[in-house]
Amino acid sequence: MGRLDDWDDFAELDFEREERCGFPEVVFGAGKTPEQVASIMKALAAQHDRVLCTRASKEQADAVFKALSSARYISSCSMLFVDSRKRGAQTAGDTVSEILANPGGMGKVIVCCAGTSDLAVAQEAALTAHLMGSRVSLLTDVGVAGVHRVLAHEGELHEARAIIAVAGMEGALPSLVAGLVDVPVIAVPTSVGYGASFGGIAALLGMLNSCAGGVSVVNIDNGFGAGVVAHRINVPPVRFET
Amino acid sequence: MGRLDDWDDFAELDFEREERCGFPEVVFGAGKTPEQVASIMKALAAQHDRVLCTRASKEQADAVFKALSSARYISSCSMLFVDSRKRGAQTAGDTVSEILANPGGMGKVIVCCAGTSDLAVAQEAALTAHLMGSRVSLLTDVGVAGVHRVLAHEGELHEARAIIAVAGMEGALPSLVAGLVDVPVIAVPTSVGYGASFGGIAALLGMLNSCAGGVSVVNIDNGFGAGVVAHRINVPPVRFET
Amino acid sequence: MGRLDDWDDFAELDFEREERCGFPEVVFGAGKTPEQVASIMKALAAQHDRVLCTRASKEQADAVFKALSSARYISSCSMLFVDSRKRGAQTAGDTVSEILANPGGMGKVIVCCAGTSDLAVAQEAALTAHLMGSRVSLLTDVGVAGVHRVLAHEGELHEARAIIAVAGMEGALPSLVAGLVDVPVIAVPTSVGYGASFGGIAALLGMLNSCAGGVSVVNIDNGFGAGVVAHRINVPPVRFET
Amino acid sequence: MGRLDDWDDFAELDFEREERCGFPEVVFGAGKTPEQVASIMKALAAQHDRVLCTRASKEQADAVFKALSSARYISSCSMLFVDSRKRGAQTAGDTVSEILANPGGMGKVIVCCAGTSDLAVAQEAALTAHLMGSRVSLLTDVGVAGVHRVLAHEGELHEARAIIAVAGMEGALPSLVAGLVDVPVIAVPTSVGYGASFGGIAALLGMLNSCAGGVSVVNIDNGFGAGVVAHRINVPPVRFET
Amino acid sequence: MGRLDDWDDFAELDFEREERCGFPEVVFGAGKTPEQVASIMKALAAQHDRVLCTRASKEQADAVFKALSSARYISSCSMLFVDSRKRGAQTAGDTVSEILANPGGMGKVIVCCAGTSDLAVAQEAALTAHLMGSRVSLLTDVGVAGVHRVLAHEGELHEARAIIAVAGMEGALPSLVAGLVDVPVIAVPTSVGYGASFGGIAALLGMLNSCAGGVSVVNIDNGFGAGVVAHRINVPPVRFET
Amino acid sequence: MGRLDDWDDFAELDFEREERCGFPEVVFGAGKTPEQVASIMKALAAQHDRVLCTRASKEQADAVFKALSSARYISSCSMLFVDSRKRGAQTAGDTVSEILANPGGMGKVIVCCAGTSDLAVAQEAALTAHLMGSRVSLLTDVGVAGVHRVLAHEGELHEARAIIAVAGMEGALPSLVAGLVDVPVIAVPTSVGYGASFGGIAALLGMLNSCAGGVSVVNIDNGFGAGVVAHRINVPPVRFET
Amino acid sequence: MGRLDDWDDFAELDFEREERCGFPEVVFGAGKTPEQVASIMKALAAQHDRVLCTRASKEQADAVFKALSSARYISSCSMLFVDSRKRGAQTAGDTVSEILANPGGMGKVIVCCAGTSDLAVAQEAALTAHLMGSRVSLLTDVGVAGVHRVLAHEGELHEARAIIAVAGMEGALPSLVAGLVDVPVIAVPTSVGYGASFGGIAALLGMLNSCAGGVSVVNIDNGFGAGVVAHRINVPPVRFET
Amino acid sequence: MGRLDDWDDFAELDFEREERCGFPEVVFGAGKTPEQVASIMKALAAQHDRVLCTRASKEQADAVFKALSSARYISSCSMLFVDSRKRGAQTAGDTVSEILANPGGMGKVIVCCAGTSDLAVAQEAALTAHLMGSRVSLLTDVGVAGVHRVLAHEGELHEARAIIAVAGMEGALPSLVAGLVDVPVIAVPTSVGYGASFGGIAALLGMLNSCAGGVSVVNIDNGFGAGVVAHRINVPPVRFET
């Protein structure tokens, strides 16, 4: 008779990725068992000063807490991480707002979205870039149907070296923002919406077809991916510093 | 360790929307926690005489009842609202039928659909327009496969200044109705159907391709959106009155 | 041996449509032979004071000029029409700009688009509403990526009883406009764009998913349909006048 | 060096199909060279009293006329055929109207459509059923946006043993007709339309989702297929006659 | 405060449908509450000798049993019906096999499918046609990948006046069957399959593109619809009998 | 009143398939009841020395264990099988790793994937080919974003007579592998991914469009199908042995 | 002022591919200028004894004939090739039939399709495998709607080590064939068909969902790709010979 | 009678865009008449030192040459531009290769693609970034099926501050490249391919689902958009210089 678990032969980890790509391998929590997440994060934590797991459930977090007592879980954006850097104070706090408020990040990334529905994705993007070392500001009340509120932030937008615009439904926010600035805008479509939004396809298509220059797009709900791109723009590799 | 709730930084409300667009911001319940809905509705109720939440669940309703004892929940179309106008008697009653029967609305909007399956969406449309101030009549037995029943209502259809036609499956009702009248017909595709109806896409495409003049379309199941459009047609802004 | 032409049995015209729906049957030129268009328009012109053919080619126009010397062809939006009303001076002029500039229309419809690419569809919408009797204004420089230009028209937008917003690519203009006004906005997606615009689907989906209230949508490139809806909103049937 | 033509090894014909399925193999003209069509039809004509080629071009017709002087080409529906039956008088005439008017068909099939745009497909269906031996009536002015005209034919519809309803755009005609009768309705979506009609997909989906009983559907523009099905319903195989 | 139930105003029933279309209105169970199904079926049973509800759940069946003690529920195809005809013995039995084995039906309909996965849809088709009065035979082991088993039934296939072919996955069975017979084949795609079967779309497209003549198609999983069409072919209305 | 179970008339088994196609009929577990799976497997086990059920649940396994005490269940890839060959030692072991490590298979098939997410599908492919008689090697750390790890296996890849490349997301692994070898590569898209991966469609399209020669594709998540194809390539039928 | 041609910097050729993958790089003609094709083929011919260009136009062939006098063009399947092997007699002949009839190929590949419409793709597959060294037989009259003709070839099918099944429309041929044999079947969907065949998508989906084992699929119309896969199965690399 | 041209009222140009977004408005040539392009470019050239038109035809180029004698047209990527900067020597040369070879650009952008088919899009990207002021290197022989050639460039890839990866078919190149570097990779899907590549959708989906970090995507064939994003990353606005 068979056994219930045959996962002892799962894939080797890619420990060289930090050297090659600038940040250790990141764990994608969805679809893994709590035990798998815990053992992968423990193995990574033995080699790196930061370890990150996205799309983590409460159950996965509980399993990781047992293996790594210093792990932190931010439920509002389903992120689980360990930060054992000396400057770890940079991630002090219980909420995304508190964590982003810590001093010490480099450059400036702005993440903007229109309201509560896109907030989890926007927080994933913001926290990712923050953990990688960027200073990040999160604007949550900018939407295409309330254009005066967007314009109220026009000054601050010019301080950013990279901007992430998160939007569901018609996905028009990146165009609006890109029409106001001269830095790259990373667009993140979200699966928020109903009917013919088709789980984010409407927003994705809108963003790919942006009439404004300087916009590029990541996958639906991929706040993490946008955070990586924005951080790489905001803080180029050290070898390029004069 | 992280906390379970980081929603303290959710978006500011758009209190100026009533002045700009004629009705206060409306809450979209789906995907929000009961607590979020309750605190948003309470904040809006402090500023406006009517507050509306669509796609509200029973749990959200219970949370709102605690915060706003005058709130009302119509489960058949998942709408939750507060009406503190003096003429609040206009929304007296426990069912959509009873509420629509109250006297006092302006002009006339007719909402029609073919049967029980599309009823929730039709009620959402009707109650939305009613709350905004329109007189609304709801016809629930008009369908393209029983054309004689449609013709039986031909006289009443000519009394409406705007007509909302709700239909799933092949979505042919708006064409049939628009062929009989000279006022705008707002078509609402519903996700009712199975197989190749694709959650309302068949009805949506049918309506967009209507061979009859005067038809425009809102998103799948978007009874609320249709109610707003029909009310704006039925009762133009006061500045246009002679 | 067969003959090349068997079109002698084509469909009877619907002469009662004007009485039922407020405007005579309109001819859709695409896919008809020049001879068919000419004979249909001649038959309609014998019964009505205005006859309209949309999507008309130069060849169809030439055939109609022979049958109806008073016909007019506006190549920039492919419209062909006869206006034999006494107040026919209302359609004097050789370009859409000149025709719209004639005095005498009722109410006000505004048609807006972002630039030359959407202009043909916007003109089709504008000329349709004008021919039906509306006063129409056409704004051609309002786009989501240049939001300051939209705001420069905010005052004029409030004069309209119905607004048509025409846009290709991401289709965000209707949301932007609807966030500023309290009248119905009819959205027209255009097939302008490339790559993942899919001939207008991206714009169509964007518009159906508009986060702003009061927006309804017509088919891709259907300027005519939008013109009919806007006119019906702008000039309600006479029976509703007090 | 290669040659321009290697078509000498094309497929053997299926001469037994008439016995098995009741009518000889039918040639689908599109994509074949005039020479291929001519040689296939000549081979079939040597074995059968009727030979039919659908989607035939004028060039194919000319090639066939040389090989088979008795061939007939009806350009309005792109059909090419030979009828060498004694009762060949049944296909006398130069147009579909004239051919259908010949006496002698069995039972009754009604083909209905809304106007000139769907006429070619409707004629293909009608002529197919006629050639197979059915009596066929073609109604060209019945459409969902002019429901009174449909009702005017209600009596005649009850004479048919099978009805073919041809429609593009929203494809609602089959539902309307099927709501009035108790015989099978074969629905044919056409590629007529523009924008979000997607070459007939909107009509196809509408028909598959018909809310009326007794409707089945054939491929887009497949008038021939509908004609075959309707004929088989209208004139069952001889072995079923008492 | 609102109430939980506002369904007192649901649609009037179409009691004239039997006269118009040959069978009383059929209830589509999915999406209705047990109470709604029970009250609709009770109302219909007061007027008609047979009442049918498709896609009925066990819960709906239990509610109906209380209201109509003679109701019968066949769980294997989710059908619920009342048969109060004198010849009600025709529906005696507890399983589809037993019910179809009763003598007395007219003509012959054959329903065929490839195995257990498509069986529920095939039974829905068979039982529908049987309830309407057809004699029905159900073949459950004919599939395109085991062609010899299909050929073993070739003789029986020629006894049917209409054949229903049910298939999921690649949907090739109707083509195979239609290549062997001269009567109409009604194809029913099923949602059985995985991966790129897309819930039946692969089978639906395969059937619409059948290379064999005489095939028409109904919606995915629509066994009921196929049963209606097949019965109407098998037993034409009485007025056509000599 | 109806009964709950009418499944006594399910399809006959195809006992001749082993002779015709080289392996007995394989049971697809999904959608069948535990009882159905158990009775089908018992019937097959009476005729064949190996019986295989894919997509089997724990509940189905438990039912089969009661009927066939020698059955084995590998939960990590949801496979259930009986192996009563004398050389049954070939399938000794509790995990896929252990089973594949048994000596005695013929030729060599390599199955490769990028990590834990695609592992279940890769194991289904590997175990299928192993059960049919192939020697199989499973590489679980080869992915397109870590190309150096792929190259580290270049030598081993040249030992295989057929290679199965399993990948989700962008599905690029088969192209990378096929660029390195001269044997057939069978590509298996998996439904792993999120957002615009559309349940494996992105990977499927990527694989169909592979720029490398020698790649063919099976359905999404169809590890079983790939295993069959690879085994047939690796071990041709005995009649082709010299 | 600019110049019309900047193609001097086009990509280097991959001369090592023959060693790595068993056959030199193959040129895909579509989208290249005649001059580009000629210069690429000339460069390859200097290094290899066979050079192949698929999807070649007559114009490209003419340009190549000037550069390589021994080039051959088979217009019926748009293939252009040079064969300078000593055993070049193997490709003697002007048509695909004549070329395939030459003795000397290894093993056996069968390519089958249903008729003239799929012939070009089937010839591309057959000629590709032949040029690579396989013995190839082409059957052009096997289709799912004429199953008796398929069975007539059952004996010959068992001689093949790999079978290519080419089909448009519903794409059912591979399932039918795979149900009869025990070797791999490579399925090639073709873009033949109309309406809802969507340029081959219906056939592609049908093939991916084949209910028969041993089927894998290549891209739409990709006869070349199928030929490569079949040859690699039929003639394994020399290192695997005992 | 109408006139043929009504384009006198086309949209005002957005002269402030350079100040706001860092580069003057760029003209999209496709769909504009030669005269429109010429008059728009002339108007822009009066205000700016560089003017760019993408997707320009030879006819548009000829019209512009008459209006602006210093205009330059690069036919291989359909770009038309004027460069009147003092350092205009930077764009000296007749081909993209020659132009990119001029000294003086800032930072480094690498554009890579796999061969001749994607070259036009890659050149559009490269020339755009070059005109904006970046130093650009174009690699044309890197593809996923020839991974050793990609690795040969690994050193040079690390010199770039931004990398553009252009690919059609399966679109895997960006993943491969991003697995090797730590700077942002902008992915450009191209419409190159056939069958199920669907005009670039396969490549687009592949890129959106990239398993490698740091990848963002622009629209199909949108080399221009990628060039803008890469330049903005490579040369941040002056205000961010220390």
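Each chain gets a letter, A, B, C, D, E, F, G and H, in the order it is written, and its residues are counted from 1.
We take it that contacts are C-beta pairs under 8 Å (C-beta built on N, C-alpha and C of every residue); 3 or more make two chains touch, one makes a residue touch a chain.
Keep in mind that this is a model prediction, so the values were computed, not measured.
K.L.:
Looking at A-C, B-C or A-B, which one is a repeat of the A-F interface (more than half the contact pairs shared)?
P.N.:
Most of the contact pairs in A-F are shared with A-B.
K.L.:
With chain centres defined as C-alpha means, what is the inter-centre distance between chain D and chain F in Å?
P.N.:
Centre separation, chain D to chain F: 47 Å.
K.L.:
Quick one: report the Å distance separating chain F from chain G, using the average Cα coordinate of each chain.
P.N.:
Roughly 28 Å separates the two chain centres.
K.L.:
So what's the Cα centroid distance for chain B and chain E, whole Å?
P.N.:
36
K.L.:
If I count partner chains per residue in chain C, which residues reach a count of at least 2?
P.N.:
Correct list: 114, 146, 178-180, 195-197, 201, 204, 208-209, 212, 219-220.
K.L.:
Spell out all pairs of chains that touch, sorted by label.
P.N.:
The set of touching chain pairs is A-B, A-C, A-F, A-H, B-C, B-D, B-E, C-D, C-H, D-E, D-G, E-F, E-G, F-G, F-H, G-H.
K.L.:
Looking at the complex, which residues from chain C come into contact with chain D?
P.N.:
For chain C paired with chain D, touching residues are 1-12, 14, 17, 28, 30-32, 36, 189, 191, 200-201, 204, 219-222.
K.L.:
For chain D, which residues are in contact with chain B within the complex?
P.N.:
114, 143-147, 150-151, 169-172, 175-176, 178-180, 193, 195-198, 201-203, 205-212
K.L.:
Note which residues of chain E are touching chain F in the complex, please.
P.N.:
The touching residues are 58, 61, 65, 71-77, 80, 94-97, 114-117, 119, 123, 138, 140-141, 146, 149, 192, 194-197.
K.L.:
Give the list of chain C residues in touch with chain B in this complex.
P.N.:
20-23, 26, 107, 158, 161, 178-184, 186, 204, 208-209, 212-220, 225-226, 228-229, 232-233, 236-237, 239-240
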